Amino acid sequence: MERRVKVKVEKLCKSFGDLKVIEDCSFQIYDGEFVCVVGPTGCGKTTFLNMLSSLLKPTKGAVLIDGEEAGPKKHNLSFIFQEPSAFPWLTVEENMAYGLRAKHKDKAYIKEQTEHMMELMGLGKYRRSYPKELSTSTEQKIVIGRAFAMNPDLLLMDEPYGQMDIKTRFYLEDEVIRIWKECQKTVVFITHNIEEAVYLAERVLILTNKPAKVKEEIIIPLPHPRNVEDPEFVRIRNYITDQIRWW
Amino acid sequence: MEERNKLEAAAGKLRFERRRERQKALLLGIISIFIFLTVWQMLCTLHIVGENVLVSPIKVIQAIWIKAGDTRPDGNTLLQNILSSFRLVLIGFGLALVIGLPLGLLMGWYRPLDKFIRPIFEIIRPLPPIAWIPIVIVILGIGTAAKSFIIFFTTFVPIVINSYTGIRETNQVYINFAKTCGYSNWRIFRTVGIPSAMPLAFAGMVIALGNGWGTLVAAEMLASNSGLGYMIFMGRSYGRIDIIIAGMLVIGLIGLALTAALELIEGYVLKWRIKEK
Amino acid sequence: MKKMKKVLAMAMALSLGITAGCGGGKDVPTEQTEETTAKEKITVSVHPSGHGLPAYVAEQNGYYEEEGLEVETLVYIGAPPQMEAYEAGAWDIGTTGFGGIVLGVAKSSLKIIGVTIDDGTVMGLWARPDSDIVNAGYQEETGCYGTAENWKDLEILYTQGTITDIMLTATLECLGLAADDVVRTNMDSSPAFTAFQAGSGDLVQANSSFYFNAEDAGWVPVTTGVSQEIYMPSVIVASDKMIEEDPETVEKWVRAYMKGVQWIKDYPEEAAELFVEFCEENGVATDEANALKFVDAQIIKIPSPKEQTGYFKKAEEGERTVLQEALMKCMETYVSMGNYTQEDADALMLDENYDGSFMEGLNP
């Protein structure tokens, strides 16, 4: 199946003063693809993601979405952070609608999208609750739902499950795959957890140490949901782990 | 099934223990107040302290009771005095809220404004309200405007500081998320900054109200013919210690009530906050 | 926990306040006479006004030293703080005005042992020269400017609970007005003066030192203590304790004070200079011209010890002395206004509160 290119990163460079964090980084992401980005700790993964989301401007090079330079006004960008970022002062319903409200005025449309998303995430019964009344995993579900509800051109996730226990993590990993399949959005997911990367991604990008660039890309043709004990799964995981270790 | 029962039993026991804790605290509070009042009454009944220095709690309650209907010696009933003071504080506090809250929030969000206003604010901030009286008399006269200004001054500062700090402490993650959504700086200020600042801003309001109510005595010192502070001054002039203490007591109790009322409102507006058990 | 802390704090504050009161009572600075050659240490309290000046003169001219007294003088701007300090045991002898008479004599343990200036002589409510009330002119019958119409609803800046109330009430009575027919705004003398200058209020009190400052400002006294025929003596007071335990020292101080009075009568211009000094040291603004007017108006008229002895005498048993009569007139006004109670008035009239022996002792 020929997918078209959604995101094109061309010779991306980022320096903070003399410190070169990202240098000469180029790659492509296809429409509707689920990509994981892994790399050694501190190699600049978060900086990388921040530039994709246009929170940071590149020193050189460009990030293009649908052929145009990425920007929050032009494109629908959604970012999920490591810390739960559901607004505590909004109800679940209001949180879900927040991303949409940035660019849409049509109340009916917003309501429709929000309802759909809440149903998909199973959050309907919590619609009038506040995030602090709910568990952390539910809170992150709100965040995921809010992100997908925006109909994003690009959905960026920065180690969103890093602070959670294993059970919650497994659960949310399955959830994000489920929603992704349903909505068919382009996702870039950063993690330092190789198993998680292999569990989720269609393609894994391995970054080098600073100054970071794409060292290798690994395509994972396994179907979802994946079995972590599958020998092919294990092989890929070990391979990637080795790749990272030697840097 | 059994597990469920065990859990419920445990939860019930916890609730029961918590209620006992609260009852204990309440009882301790009542006992300590009782001891305090008894010691006070004893000091007076046994004439350990002279009548021109301290008056017994019974006489104070009497004074309050009588003052409710009697205009002597200052010319107003207790209620008239209460309303007069209340009016001053309401105007002063209200103005401080209307001006101070937006100002603090905007200063906290927009650096240039902060830099512009800061120096003036820092100079004004430490001035005691009484020091303003001479200037205020000349500029604003001696009426409600002048007295409310004194109150405005003590309430303005904590409101500005707290809303400023509150909005400055907004979690960057929230701001970043709003940015990626494509919100303008102004909209992020309104939808993220302001709500995030509300807990601290409210704390500032509670402090401000306490300050303002406590300053009414100083404000009424400027010039007055009614009010609780005025009542206390007149009590002093006419040697009515019972009225002085009664005035203090009423001021204290109303101050408590005002704070409680404000905290009630806070609890409703900020119902999204983490509830502390 | 919060409530307990609050209560604890209140309790601590109160006990601190009480111990301050009690502790003060125990540390009476007056000491019993040691050797007659050693100086007596006493603490005296006055106001920075006409009745305080003789004490200042006594200090400056060395009369205290002549009597073998070492005197610490406490100056209070009004009766309430002065009497509060008395309760705390800070002083035992001094002078005070009418407010102090009620707070210190009727309600506490001070005794009146002499009279000093008549506050009625430099007491007035002032209006701006261009105001309606002034334009209406002075009325002989009512002893004030303007008619009841002019006075109605005027805002009067004055210190409530002081002698100005007597003058105001007398004036309103003459005009047939009630207390509520005017707006009374309570202010201390100094801020009231400033406020009136800045344009606030319709009438302002200016008594004692402020009287002539008001004159200088071009204001018109629409009613005065003189026009209302008010005799309001300031008095010399001493604690019952000191009178009982140390009457010789009381006599000595009274003698020094009356020496001061005599000196002022003999040298009014020099006295005026001293008065300026005395006022400025205590934060009251005045100048020499006004001080001289003040001395002439008030202090020169202080009765001699011989005359004063007459004030303490009763014409017949069961009647009031001249002094009691004068004080009662003022008390009656206050009681009718509800500021003081009948009990206060009765207490003030008790014979035991008066002791004319010291003035008698000064008679040659």
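Note that the chains are named A, B and C in the order they appear, and that numbering of residues resets to 1 at the start of each chain.
Just so it is clear, contacts are C-beta pairs under 8 Å (C-beta built on N, C-alpha and C of every residue); 3 or more make two chains touch, one makes a residue touch a chain.
Just so you know, these numbers come straight off a predicted model, no measurement behind them.
Shared contact partners of chain A and chain C, listed by label: B. Centrality annotation: B (chain centre taken as mean Cα position, compared with the mean over all protein Cα atoms).
Pairwise, the chains sharing the most contacting C-beta pairs are B-C. Separating the centre of chain A from that of chain C, both taken as means of CA atoms, is a distance of 85 Å. Here the spacing of chain A and chain B, counted between their Cα centres, is 47 Å. Put simply, the C-alpha centre of chain B and that of chain C have 39 angstrom between them. Residue positions of chain A with contacts to 2 or more other chains are absent.
Chain A contributes residues 53-55, 72-73, 76-79, 81, 83, 85, 87-91, 98-99, 102-103, 130-132, 150, 156 to its touches with chain B in the complex. Considering their complex, residues 171, 173-174, 176-183, 187, 191-192, 195-196, 198, 270-275 of chain B touch chain A. Chain C makes touch with chain B in their complex at residues 1, 3-4, 7-8, 10-11, 14, 17-18, 21-22, 25, 79-80, 83, 87-88, 99, 102-103, 107-108, 157, 159-162, 179-180, 183-187, 191-192, 194-195, 198-201, 338-340, 344.
On the chain B side of its complex with chain C, the touching residues are 25, 28-29, 32-33, 36, 39-40, 43, 48-50, 52-54, 71-75, 133-134, 137-138, 141-143, 222-225, 230, 233-234, 236-239.
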